[in-house]
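Okay, so chain A shows up in both of these, paired with chain B first and chain C after.
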Partner chain A sequence: MKSVLAILTVVVALVGFWYAACVPMNIHEAAMQAQRAGEEVTPAEAPERRHMGRISLALKNTGLWSTVFSQERPQLPAPHQVAQEFWKTTWGMIERGRAFSKRSLILHGWITLSATLLGFAFGTALGIVLAVSIVHSRAMDMSVMPWIIASQTVPILAIAPMIVVVLAALSVDDIVAKGVISMYLSFFPVVVGMVKGLRSPDAMQMDQMKTWNATRAETLWKLRLPSSTPYLFASLKVGVAASLIGAVVAELSLSSNGGLGARLLAGSYYGQTVQIWSALFAAAALAAVLVWAIGVAQKVTLKRMGFAQ
Partner chain B sequence: MMAWVFGSLLFWAAAWALNVRLSRLSAPWVRFFVPALFGMTVIIVWEGMVRGFGVNPVLLPAPSAIAATFVGEIPTLWGDLVQTFFKGALSGYVIGCTAGVLTAIAVDRSPFLQRGLLPVGNFVAALPIVGMAPILVMWFGFGWQSKAAVVVVMVFFPMLVNAVEGLRASETMQRDLMHTYAATPGQGLRKLRLPAAMPFIFNGLKICTTLALIGAIVAEFFGSPIKGMGFRISTEVGRLALDMVWAEIVVAAIVGSAFYGAVALAERVITFWHPSQRG
Partner chain C sequence: MNNETIPQVGPPKAVVEARGLDLTFQTKDSPIQALKDVSLTIEQGDFVSFIGPSGCGKTTFLRCIAALEQPTGGNLTVNGMTPDEARRSRAYGYVFQAAGLYPWRTIAKNIKLPLEIMGYSRADQEERVKKVLQLVDLEGFGGKFPWQLSGGMQQRASIARALAFDADILLMDEPFGALDEIVRDHLNEQLLKLWERTNKTIAFVTHSIPEAVYLSTRIVVMSPRPGRITDVIESPLPKERPLDIRDTPEFLEVAHRVREGLRAGHAYDD
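The block that comes next holds the complex of A and B.
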């Protein structure tokens, strides 16, 4: 309960800071509009204002502060503007029966989500298979593992545009092209976590399996895989977040078919800041839901498997 | 042409057989030789397949072609590296990490704020923050400043979370000891809690090296002057000059590993006392 209050305080402080930041960020535009409407602005001429700092201009025109929160294309939209736009493009679209129209964030969110989940599923499967083979073959371990660890330091996202173009040339579906990048990003955390997890049974437990004359397959199924579950869930959380980032960045290069990344790019072309922010919040909400879902699955699974929480 | 395919497959089989055999040894040089041989195999099979099947260089250029481009275009690559890494990523990294650590120290005296900041920071660290790039490019223009800003936003929260956790890492017993020495809060911070936080802080610094490069490169996809690694990648992909794209990726890989290695080296020097460094 105490930490809920603490979290709320921090969130309220952040939102307050955001509102406060709207004043200096949007004051130039507000002054311009006020001048056009014939109101009094200090200094009166646009060229003089252009060289003024945002904060000093804001301090000289306190009368304009009320207008900075409701501009059409603000430098920094106020939180309620973003919330309104978000609401309008999600629930508002459902109410009008157009949940999957081009302007609906539900459609774009779904496009991104499907690519994310596809890539995440394949990345996880591939990661587990590779981890199992690394644990069972010393040669695999010694030759592949150093490269996997080294590749974590490489900015993999940089190759997203290239993968997209190459796969498009091979006439692969868009969702597969995005999925490949998502897969690539979620694959590494799973391998690293699973190798650790599959090795987590201690010598005593391994000896026990040996005294029962268990084969390597039995040891894998009955000891190694169950004891790696906590590690798997920890890496899945990292992996699903990475996979979503991969899908969003892939959509920057594949923007013709929609998706949250495409909304970001379109918003930045046309200066639609409110649209950018609401797409950003949609991506954040998606990430939060995905991580939360894995957290719930983790809790339920680990409880049923008898891991002490 | 088939000779290339069979030759590379034969090399693969031979190298793998050698690796299987070598991996049973425990000599120290084996630990370097086996992965090196594996890496070489990948490159040779890649080259053999591309040549043997006559793969279109627009899809996948051969390693030799990439190497030739790399050597031939060093001045361009260097210019891009300076623009993206030294101006964008590195300055953003320094500002963002410093801000993260300073914020952690600022909220250090208030357990209430810490309890609020940790979950929020953890949540934000999992979000696709790189999506802030178009907004920041709009605010700070096309130059390196906007890339640095993206990097600052990306590295701030992971750094903050690690630093806050690090500052809580000292044990009650140790803090009690500082108390019996009548240490002021400042002294306690300098002499006990900051050193104890160092392993956590370095963990954050290491995570942020990769984030910094990613942020700087991806931000350039949203607009940049006519140089920079992200700019080069997106324009050369458009011209289907994939050998140049791969050359940039090689640069990114080298810089990324070197940056990480430098931070890891600093960690070794500064936290020499930590069990993980004494192996």
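The block that comes next holds the complex of A and C.
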């Protein structure tokens, strides 16, 4: 109960801050509209207002404050505007039987989700394979690890368009192209976590395996892999969020088939800031659900394996 | 390394034979001589205890027998083979100080672990698990998980695991060190009964003088810097040993001899 109250307090504070921030952010547009409608604005002419700071303009025009919360193309949409748009494009669509129409966030969310899950699955598999080979081969450990780390330092926004466009030109399915970017971002936490996890059994357990004359494969399968499960789940949580980011970033270059990234792009083209924000919230909600789902799987699995006692 | 295989004429009576064994650890500042000129013969059916202060080489010697360490000089054979060959032929079971059971496996599956690695059939595995759980008095606990068992029971399960695959030699490195005295007494009794029933050769490392005297037919007293054998005491106590034997004068005399050996090895000096 205490934590619910604490969370609620923080949420209320954040929303309050958001409403307050709408005023200086949208005041210039509000002043412009008021001027066109012939109302009184201080200062009256646009050229004078252009160089004024937002806060000072807001303070000078307190009468305009109520108009900043319902603009059509605000710089910063108000919380209720975002909520309304979100509702309209999700539940509202379901009610009208058009859950998968082109305007529905559910459709776009599903498109992004499928690319995310595909990339996540491949990224996890790749990560595990790489981790196993790094742990078992000195050559791999010394040669591949630096490259893996370097691969993550390249800004994904720069290379994603290149990869995605090349793959699309090779007639690869869109979802696969997006999945490649997702895989690229999600394999790294899995490699790092699994390498640590595969190396986690202590010297005594390794000695024990030696006294039974176990092969390296048997040690891997019976000791190392089960021991690494806690580390794997921690990495999966990071990996799934990274995978979603990868899918959204890929959609910025491959937006013809929809998806949340495509929605973001369309919103920014047409100045539909409310659309942008609601797509953003949809992506955040999707990430939260995915991480929560992995958390549940983690709890159940680790309890059954005797780790979380 | 100087390990040679002693040529065999007839069945070996000596199970472990060490001659002039040396082990020096090369460390960053100065080399540490963990074993110096250790010579010992362990015969079939013996229960040999190794006792001494920390750093005297008793665990190191046990690990050499198990081929977990390589001696830097001298001769060591197990069952007439090099220790590594003995390891590969699964000649011994090793019990560590911690039980080391896998939390994701039940007790039965934990005991099956070496059996799976060694390629026993499913039916064989079931049979052995049953037999060995009975030996250590853990019948009915096969389906439980390690965290559901107390420390003493976990260690018994670990011993059961070491017994599961018919190794003639049991190497035990302070297996009861982490347990309290009452449980220890109980487990000592059980271990002796087990030894009588299975007639294995047991090498047992311990810190406790009463434990060493109670359990063994032979007590090897070691001392550190460098690790060496100070005294080998043949125990005059009878093979049948109830716990009360620890109050008899013979027992105290042997314990006294052990203490003298430790003192001679400067175990009680600062």
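Methods note: the second predicted complex is superposed on the first by the 297 of 309 C-alpha atoms of A that agree within 3 Å, B and C clash if a C-alpha of one lies under 4 Å from a C-alpha of the other, contacts with A are read in each partner's own complex, and residues count from 1 in each chain.
Methods note: a residue touches a chain if its C-beta (ideal position, glycine included) is under 8 Å from a C-beta of that chain, and two chains touch if they have at least 3 such contacts.
Given the structure is predicted, the values throughout are model-derived calculations rather than measurements.
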First, second, both or neither for A:Met305, with chain B first and chain C second: second
Chain B versus chain C as contact partner of A:Leu118, first or second or both or neither: neither
Partner chain in contact with A:Val274 - chain B first, chain C second, else both or neither: neither
First, second, both or neither for A:Ile27, with chain B first and chain C second: neither
Partner chain(s) touched by A:Ile175 [first = chain B, second = chain C, both, neither]: neither
Chain B versus chain C as contact partner of A:Lys2, first or second or both or neither: first
Of chain B and chain C, the chain that contacts the larger number of chain A residues: B
Footprint overlap on chain A, where chain B in one structure and chain C in the other make contact: none
Partner chain A, residues of chain B touching it in the complex: 16, 19-20, 22-24, 30-31, 34-35, 37-39, 58-60, 112-117, 119-120, 123, 126-128, 130-132, 134-135, 137-139, 209-210, 213-214, 217-218, 221-223, 229-230, 233-234, 237, 240, 242, 245-246, 248-249, 252-253, 256-257, 259-261
Interface residues, chain A side, partner chain B - complex: 2-3, 5-11, 14, 25, 75, 137-139, 141-147, 150, 152-159, 161-162, 165-166, 169-170, 237, 241, 244-245, 248-249, 252-253, 260-261, 264-265, 267-268, 271, 273, 276-277, 279-280, 283-284, 287-288, 291
Partner chain C, residues of chain A touching it in the complex: 204-205, 207-214, 218, 222-223, 226, 229, 304-307, 309
Partner chain A, residues of chain C touching it in the complex: 66-68, 87-88, 90, 92-94, 96, 98, 100, 102-104, 113-114, 116-118, 145-147
